[in-house]
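Both complexes below contain chain A, partnered by chain B and then by chain C.
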Partner chain A sequence: MIHICNVPRYQAPSAEELAEMRKHHVLLRSFDYERTPIMRGYTDKILTIDVGEKSAEIADIPAEVKEKFVGGKGYCLRYLWDAVNPQTRWDSPENEIVMSPGPIAGITQYGGTGKTLICTISPLTDIPIDSNVGGFFGPYLKFAGFDALEIKGKSEKDVIVVIDATKGTISFEEAPLEHFDAHVLCEELTALYADDENDKKNIAVAAAGSGADHANIGMLNFSFYDPRRGVTRLKQAGRGGIGRVFRNKKIKALVCKIDGVKANLNNAYDFGLINKTGLKFHREVANNDTKQNDMRGVGTAYSLRTLADYDIVPTHNFKFGDAPGIDEMTAAVFKSDWLTQGAADGCWYGCSMACAKASDHFLLKTGPYKGQRVCVDGPEYESAAGLGPSCGIYNPQEVLEINFYCDTYGLDTISYGTMTAFLMECYERGILNKERTGGLDLTWGNAADDLEMMHQIARGEGFGLIAGLGIHKQKEYFAKMGWGDINEMNDFGMEQKGLEYSEYSAKESLAQQGGYGLTNKGPQHDEAWLIFMDQVNNQIPTFEDKAEALYFYPMFRTWFGLMGLCKLPWNDIVPADNALTDDPKMVPEHVENYLNLYYAMTGNKLDVDGMIRQSERVYNFQRIFNIRMGKGLRANDAIPYRSAGPVFEDEYLWREERYDTQLVELAGYTEEQVKNMSLQERMAATRKYREAQYQTLIDAVYPKRGWTLGGVPTVEHLKELGMDLPELLEVVEPLLAEEGA
Partner chain B sequence: MKLNNREYKGFREGLTVQDVIRENSFTWPKLVVKLNRKVIWPEEYENTVIEETDDLEVIHLLGGG
Partner chain C sequence: MKRLEKNEALCVGCHQCELACAKAYYKVEDPAFACIRVEDGWDDAGEYRSTIHICNQCGKCSEVCNTCVIQPNAKGVYMIKKKECVGCLMCVGFCPEQVMVQSDERTEPSKCIACGICVKVCPTGALSLVDD
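Moving on to the complex of A and B:
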């Protein structure tokens, strides 16, 4: 086992290199500003920068926006709506990247309080994407005086934007000598803008990477400086192609500099209550984590083994779920051989859960940094499962190397993993071959060619350009080229609304099929992770139960994104006596903690109904935003059949007994009938049953959410929420009239 | 006997909570176990015998990021 005591410090860029870089910086334009102090979690200011015009404006956030949209994702969506129109696409100049940390973000007394939400019109989905990220940039942005940052326009040349709260300046600069890949660029900019070694912790950088120049699955890294290791580390706003938009605007990086993190920069209403609530949480982590999930030891990859036991780990592009080689890369293996133990691995100050694990001085075997030793963050569960078993890869070294290059190139590990698995299945089925891939052998488990494909994305060449399209556009391209049948690819290409699935095989959980399919942004589990509650615990057996869960949990989980909170401390650690509560799955004591944090920050009392109401306003706004952009109706909530059942014969035969039994126990066939059916007939009957179940689920969920059966929020529901805003009614009323609702 | 609201096919005389957990590969460390709505703590799994009419809940508390 590797302990932090034995990890040597990383080498910083040399003073000569930095001096040369600094010499080549060109100051294009600079603005002075007066920093607005934070009061009860808010500055009530938004900074708008136009990277085309090189302009910066600071505006008040109106009280009505604050009341209805709260912060975080709410602010992002509100300002994005105002910037775009139904014809706006990801690369339109008016498309914006909006980021906001939320009112609780930036406190250091409780776990998981450094999150920032980012929204833009996605190159994958053509609708708003929202993605959350840890690291320093969001909280520092708020400490610099801004509740939100709105980025618009397109620069002609690569530009960096520096918000220096210590001087009160916002500047646009050219920085031509710095690298593009995030692990180097963030290190260089941290060193360049810090006054000295001790000041590096006051620098936050947001940057994509060279892959984001060429791939719709490009993501955005947020840095956090790790003083113990002496290295700048990265967290990711992974989903939906935000990095692609960032690079399309020719932004090389954003830098934010502050004069230090202090205990109560948020000027909380009741700082004592925040302290008290945090101490309780930290004691719980100290006493229980090793007996529960061991987040401090392995991070979120703790669940790999258990999820494989339940056929949930996507294996060979979600075809199977048991990840047969998982013993080679369990949490225990990562902990004993790869992940440094004993470090304060929080991605924001004060997070005792410390799940941002790292593999230190990891030796790279491929690509432009071959032979170098680097710090690899993670892998998190999603990255490990998607880059590993879904592609038939079980070697931890290979998974870590792919993870590293995804991060530094600015590619979303989830989309990259799911997309590569799709390509590998296309290769297996003859839709792709070496001639079509330019020589890449995309056989299951071939990590070398998987990595080569990623390097091609970063270089913007060869098959990498096709890989960078994402599954939705790949399917269209393969069909157009006459390589594959679009209907078949629609069945096994794991994307919905254009976004690649995150890493849970939902075949045996109807609620999770809805948890993916009935999301606003596309199939990401952060809205509704119901798979164990449904499939294993059987706590929501009826359609009514599932519909209630698919109403409540997306709203409950949305609230974290309004506040700037990480969801993991909610239920990845629980009080020792949680089992004795009325509803252990909700972890009632932690919900109480969050209500206390909100009150202590803002001075406003809130109960669970109030939380849900805050979220529901934003959730319905996002749904109508989708409709405005051309998606967001029932047809757009359809899912690829593989998310619900077996597409191919070997897939059915893998769990033949289970599927045959279900035909009898659930679908109404007799044992005799099933015995006399061919394999194809049993598959067709299974499909008919499962697809009908999904439609019945939608029929139950939409009314619960206040929507018509066509998926449109009703005027009555919007009125009840106080969201009968003219611009929303303008979108929904014609559709409601068409539906006769 | 019921396990998580479903008939448990493996019921037999002398079956314990620990047997059910083992037979079903419930390896998760954060289990909430209730027998007829009474919480059973881990140290009681081995000695808690289940009757044919009992209702056993073995709830996995898994976060999901």
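Moving on to the complex of A and C:
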């Protein structure tokens, strides 16, 4: 086991190199500004940057926007809506990247309170994507005086934007000598803008990486300086190609510099209540974590073996849900051999859950940094499952190396893992071969060629350019080339709305099929992670329970994105007596904590209904935004069949007994009938049953959400929410008329 | 290492140590603001006794701090660099003896610095300062 006290500090970039870099910086334009102090979690200011014009403007956020959109994701979507039109695509100059940390973000006393929400029109889905990220940038942006940042335009040359709250300046600079890959770039910029070693913690950097130049699955890294290790670490706004948009605007990095973090920079209404609530939480983690999920020891990857026992871990592109190889990457293995123990691994101050684990001085075996020792973050569950078992890879060293390169190249680990698994299945089925991949052997488990494919993405060459498209566009391309059948690829290509699935095989959880399929942004567990509740804990057994959960939880979980909160401290640690409460799956004491934090920050009382109301406004706004951009109706909520059932024969045979039994117990066949059916007939009957279940689920969920059966929010519902805004009615009314609603 | 040591057999539960500590650092005679904690109650053997919780400079507070602002001085006493402290309170929550102090009047917590004020006021010699 590796303990933090035995981990040597990382070497900082040399002073000579830094001096050379600094010498080559060119100041293009600079603005002075006066920092607005934060009051009760808000500055009520938005900073708009045009990287094409090199302009910066500060505007008030109107009271009605604050009332209806609250902050975080709400602000991002509101300002993005105003910036774009239905014809806007990801690379249009008017497309914006909008980020906002939310009113509770930046407190230091409670776990998971440093999140930033980011929205843009996605290159994968052509609709708004929202992604949340830890690290320093969002809270520092607020401390610098802004509740939100919107970035528009396109620069001709690579540019960095520096918000220096210590001087009150916003500047556009060229920084030509710094690297592009995030782990080096963030380290360099942190060192360059810090006054000294001690000041490094006051620098936040947002940067993508060289892969994001070429790949639609490009993501955005947010840095956080780790003073114990002496290294700049990274968290990711992974989903939906935000990094691709960032690089398309030729932004090399954003830098934010502040004076320092203190306990009450948010100027809370009731600072004492924040302290009390936070301290209670810390004590709970201190007492219970090792008895519960051991988040401090292993992070989110703790659940691999447990989930595999329920056939939930995607293996071979979600074909199966378990494999013996998963025993090679259990929590115990990561803990004993790879992840440094005893470190305060929060991605924001005060996160006692500390799940941002790291593998220290990890020796890279491939790529441009081969032979170097680096700090690898994670792997989180999603990264471990997607990059590992889904691609038939079970070697932690290989998973960590792929994880590292995804991060530094600015590629989303979830999309990369799911996409690579799709390509490997295409390879297995003959849709791809060595000739078509330019020599890459994409057989299951071939980590070396998997990595080479990623290096090709970063170099923008060879098959890497096809790999960077994402599954949706790959399917179209392979079909166009006559390599594969589009219907078959639609069945096993794990994407919906253009976004790659995150890493839960939902075949045995109807609630999770809806949890993925009925989301706004695409199949992502962020909105409705119900699989544990449904399949593992059996807490929503009836159809009605599942439908209700698909109304309630997306709204409840959206609230975290309005506030700037991480969802993990809600239920990855629970009070010792949680099982004795009326509704253990809701973790009532933690919900109370969140309501207390909201009150303590803003001075406004809120109950659970009020929480859901805040979310519902933004949720319906996003649904209508999707419709406005061309997706967001019932047809767009269809899911690839693999998400619901077995596509191929070997997949059915893997759990033949289960599927046969279900035909009898659930689908209404007699045992005799099933016995006499061919494999193909049983597969077809299973498919018919499962696809019908999904449609019935939609029929139950949409009305609960206040939508028509076509998936359109009704005018009555919008009125009830106070969201009958003219621009929303303009989108929904023609559709409602068509539907006769 | 300079640290506080206890001999619970000598403790009479007068709580003078708590009051002196709180008064010295927080100007209040309230045990909630003391970096030492005395609990009185019946033990398993049916005897009424006092249990003293002291900071033994174990360093857990330093380990959980992700700002690295709690470091031992030359004498091995863990000190908080308050200027750099972000007031996250993780150290307070994770202290195995629960003897760190948080006050809403201040933005940083405090801990025992082995100053010996509690030792001086203890009438029975249940507390002592050692330097080993």
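Quick note on the criterion: the second predicted complex is superposed on the first by the 740 of 741 C-alpha atoms of A that agree within 3 Å, B and C clash if a C-alpha of one lies under 4 Å from a C-alpha of the other, contacts with A are read in each partner's own complex, and residues count from 1 in each chain.
In this section, contacts are C-beta pairs under 8 Å (C-beta built on N, C-alpha and C of every residue); 3 or more make two chains touch, one makes a residue touch a chain.
Here the structure is a predicted model, which is why all the values come from computation and not from measurement.
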{"item": "Contacts of A:H525 with chain B and chain C, given as first, second, both or neither", "value": "first"}
{"item": "Chain B versus chain C as contact partner of A:A286, first or second or both or neither", "value": "second"}
{"item": "Contacts of A:K262 with chain B and chain C, given as first, second, both or neither", "value": "second"}
{"item": "First, second, both or neither for A:E428, with chain B first and chain C second", "value": "neither"}
{"item": "First (chain B), second (chain C), both or neither touched by A:L580", "value": "first"}
{"item": "Interfacial residue positions of chain C with respect to chain A in the complex", "value": "63-68, 84-90, 92-94, 102, 104, 107-108"}
{"item": "Complex interface listing, chain A residues touching chain C", "value": "4, 108-109, 198, 201, 226-228, 260-264, 271-272, 275, 278-279, 281-283, 285-286, 342, 344-346, 349-352, 354"}
{"item": "Contact set on chain A toward chain B in their complex", "value": "291-293, 300, 303, 305-306, 309, 380-382, 504, 525-526, 529, 531-532, 536-539, 541, 567-568, 570-572, 574, 578-580, 584-585, 587"}
{"item": "Residues of chain B that touch chain A when the two form their complex", "value": "4-6, 25, 27-30, 32-34, 39, 41, 57-65"}
